[in-house]
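Next come two complexes built around chain A: one with chain B, the other with chain C.
Take a look at the complex of A and B:
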């Protein structure tokens, strides 16, 4: 546990050294926040007062929580592990008495925390100051929302970790990464709330892990999901977090066997 | 108990046999140089010793454990430095890497700090502790890698080309540190290198590997003796002098500029540089003297030639 905390702190510090990147990220998040808020409010106005349980204040909350969590949850993925597999540096990870997946997860939680503080909270404040935004309706919503955000970070990490590990078998995984980004960006509810999707697309989304990376925490924090529904929303995330981490362990082991057989 | 033990260790890659029935053992406290040409099987052996690579057949034990099955046990007892790879956190201050590694090895925080302080002092890295690893010079980084590998006080230190690319002074500091570290901690050392200086200063035993096979196992002097590698001494004289053919224990190779410069070859067993110099300077005025040690490539080449390869 102490090891985990220290590794998370290291992730936090690594990413906090790039202050300019944080500032640039925050600015981008804010600009896109304005654009998305304008577009979605216009769509809402033309459709009536509410779509799929979202009225104007919850739509604003959807937009700005989305912008706030965009850097926190690593939706676009990372290339560090892929690079280490490609260069063979992954061998160094296997020479340590710790599990590589847990090590990288800890680092990613640290990265998420600095991004939440450095990019997320400022973006959220901008949205809150300039728009009429719905807030979590209760302390329970705040608390379960926080848990849900952590789970979203874990699900996104676990999925991306598996994608990175494919580098054990494929020379180039850029195509797969791109596919993941496009599919994930749409299905996680970044562009449009998942409840706004046509039925068939919503069904696909709900069978995928992607809403667990963004839509679920936003639903709780925007107050669209309340009461007993919170448990099932978080439950789905727990399922995907566990499933993807376990799958990741299998892929990691297979990757290590490949290294053992082929040399690294 | 041996720190390293291999018996009939074999590793095949698709069509080639990288390691061929390798059998050797290393006792606690030994310092072993592991040398051979590129592709001779050095790195493959090290990967099998550390559990990164699975042997095709044969027996291997590191610190008494099976590296494939007991990877974590081995990782706790072994420190590894790959000259070409880094175990430090690139974008963090150096200090943080030690802190994280301490946690990874489940060391008590106070122990980590004391051990870091000691290593940092011995390696003279104090001023670099606050520097991001990516900003360190190669020499500084290699010293940091060494400290990182030794942080958890491993029983066995494996160095894969630790001095590659370093300048003379950096090499010197690294070697001095390793000598002192081993004297105090008794750490067992396995070292691969292309640098004869590393072997001479650090190792009391040499393993030469050729096409995956152990071609020699013994002392460095024994190695030079086996293949007849001779030391060369070049003497510059004040006056043109006829060829000195009567120096005891040494053979004249050639002379230049009417005998102003004369080159001798000799065997360490037969005579010494001092004796050669004393003999020559008692008869002629000597201006300068250089000694050329047999180099590792040369020795290895001779071993290969003797075993009918190369």
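Take a look at the complex of A and C:
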């Protein structure tokens, strides 16, 4: 546990070194936030009522929590593990006393925390200052929302880790990474709320792990999901976190057996 | 020396681009999956529009057909620009690795070399989605076709591509200052592309002014689309569509300034 905390802290420090990058990310998040808020508000105005349970303040909350969590939850994935598999450096990770999946998870949680503080919270404040935004309706929503965000980070990490490990079998996984990003970006509820989808697309989304990476925490924090529904929303996330971490372990072991590193 | 023709002068670039294109075709599977990937990017962008219209009939004063035209024009011009100069995005990587110096010692202008350092053929995926959307939008919409309309569409595609290319170049120039803050420029390159595919009527006043006069992405799709369809739109009279080349010129003026400032600021990697 102590090792885990130390690794997470190292991830935090590593990503807090580039302060300008955090500011840059926040600026871009804000620009996208402004555009998306304008588009979705226009859609609401055109519909004349709320859409899929979202009225104006909750829609604004959807947009700005989405932009705030975009840097926190690593939706676009990472290429570090893939590169290490390709170059053979992953062999060094296997030699370490801590399991590679746990090591990278700890680092990713540290990365998530600094991104939430340095990039997410400022973007959220900009949104809250300039728009009429719905806040979490109760202390329970705040608390379960926080748990839900952590779970979202874990689910996104675990999924991306598996994608990275495919490099054991395929030399170049850029196409697969891109496919994962596209499907994920659409189904996780970054562009539009999942409840706005037509039935068939919503069914696909709800059977996939992607809403657990963004839509679920946003639903709780925007106050669209309250009361007993919170438990089932978080429960789905726990399921995907555990399932993807376990699957990741299997893939990691299979890859380890396959790995052949040349040279001394 | 004085007799060097234009074609001779362009020869190195032709050779460079041909070699890049040839290189990308070598790994057939990788190339095909890359193209499928960018088709997916185009489809995902379209899905966003489509899902909104699943819930409403009009968005920002435009119906689905008009929105499709705006979507098609902005995506077409953005993916063209992305294909030709989008890799200027890689400049911070080159700067950090000290590779810019290697470009400097070659007897061709830096910007021209960087632009021709790659030709991202995989972007044809997104381009083809945009072309299909444009075809559908132009055939299903009620357009009073005339020579003028055809000229306007051609002018829009050329100027729109120039505007996005200018944004990428301006971003490249700023990278010399930003390096670690490279993502700043995404706000107006990718953000500009996202803003361009919207009906500009959805934006509140200050944002609309920003996307028209500061970063002129309104000229890429919305203003021409309104003119092509001959719609009544506030803030976008039909004649404005003919000023798109002017917007492109202004954008290039800013891009050239940014690029010049950036390259003057650059001190070398010390190698």
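By definition in this document, the second predicted complex is superposed on the first by the 259 of 264 C-alpha atoms of A that agree within 3 Å, B and C clash if a C-alpha of one lies under 4 Å from a C-alpha of the other, contacts with A are read in each partner's own complex, and residues count from 1 in each chain.
Just so it is clear, a residue touches a chain if its C-beta (ideal position, glycine included) is under 8 Å from a C-beta of that chain, and two chains touch if they have at least 3 such contacts.
On a predicted model such as this, the values are computed, not experimentally measured, just so you know.
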>> Quick check on the superposed pair: does A:206 touch chain B, chain C, both, or neither? Answer first, second, both or neither.
In response: neither
> When the two structures are overlaid on chain A, which partner does A:249 contact: first (chain B), second (chain C), both, or neither?
Replying inline: neither
> Where does A:27 make contact in the superposed view: on chain B (first), on chain C (second), on both, or on neither?
Replying inline: second
> With both structures placed on chain A, which of the two partners, chain B or chain C, ends up touching more residues of chain A?
Replying inline: C
> Between chain B (first) and chain C (second), which, if any, makes contact with A:16: first, second, both or neither?
Replying inline: neither
>> According to the stated criteria, A:174 is in contact with first (chain B), second (chain C), both, or neither; which is it?
In response: second
>> In the overlaid three-chain picture, which partner chain does A:96 touch, first (chain B) or second (chain C), both, or neither?
In response: first
> Looking at chain A, which of its residues have contacts with both chain B and chain C?
Replying inline: 18
>> Taking the touch rule as given, give the residues of chain A at its contact with chain B in the complex, in rising order.
In response: 2-3, 6-7, 10, 13-14, 17-18, 87-89, 91-92, 94-98, 103, 257, 259-264
>> Under the definition above, what is the set of chain C residues touching chain A in their complex?
In response: 27, 30, 33-34, 36-38, 40-41, 43-44, 47-48, 51-52, 54-60, 178, 180-184, 186-188, 190-191, 194-195, 198-199, 201-204, 207
> Any idea which chain B residues touch chain A in the complex?
Replying inline: 13, 44, 47, 50-54, 68, 71-72, 75-76, 78, 80, 82, 85-87, 89, 91-92, 96, 99-100, 103-106, 132
> Once bound in the complex, which stretches of chain A touch chain C?
Replying inline: 18, 20-21, 23-25, 27-28, 30-32, 34-35, 38-39, 41-43, 46-47, 51-52, 172, 174-176, 178-179, 182-183, 185-186, 191-192, 196-198, 201
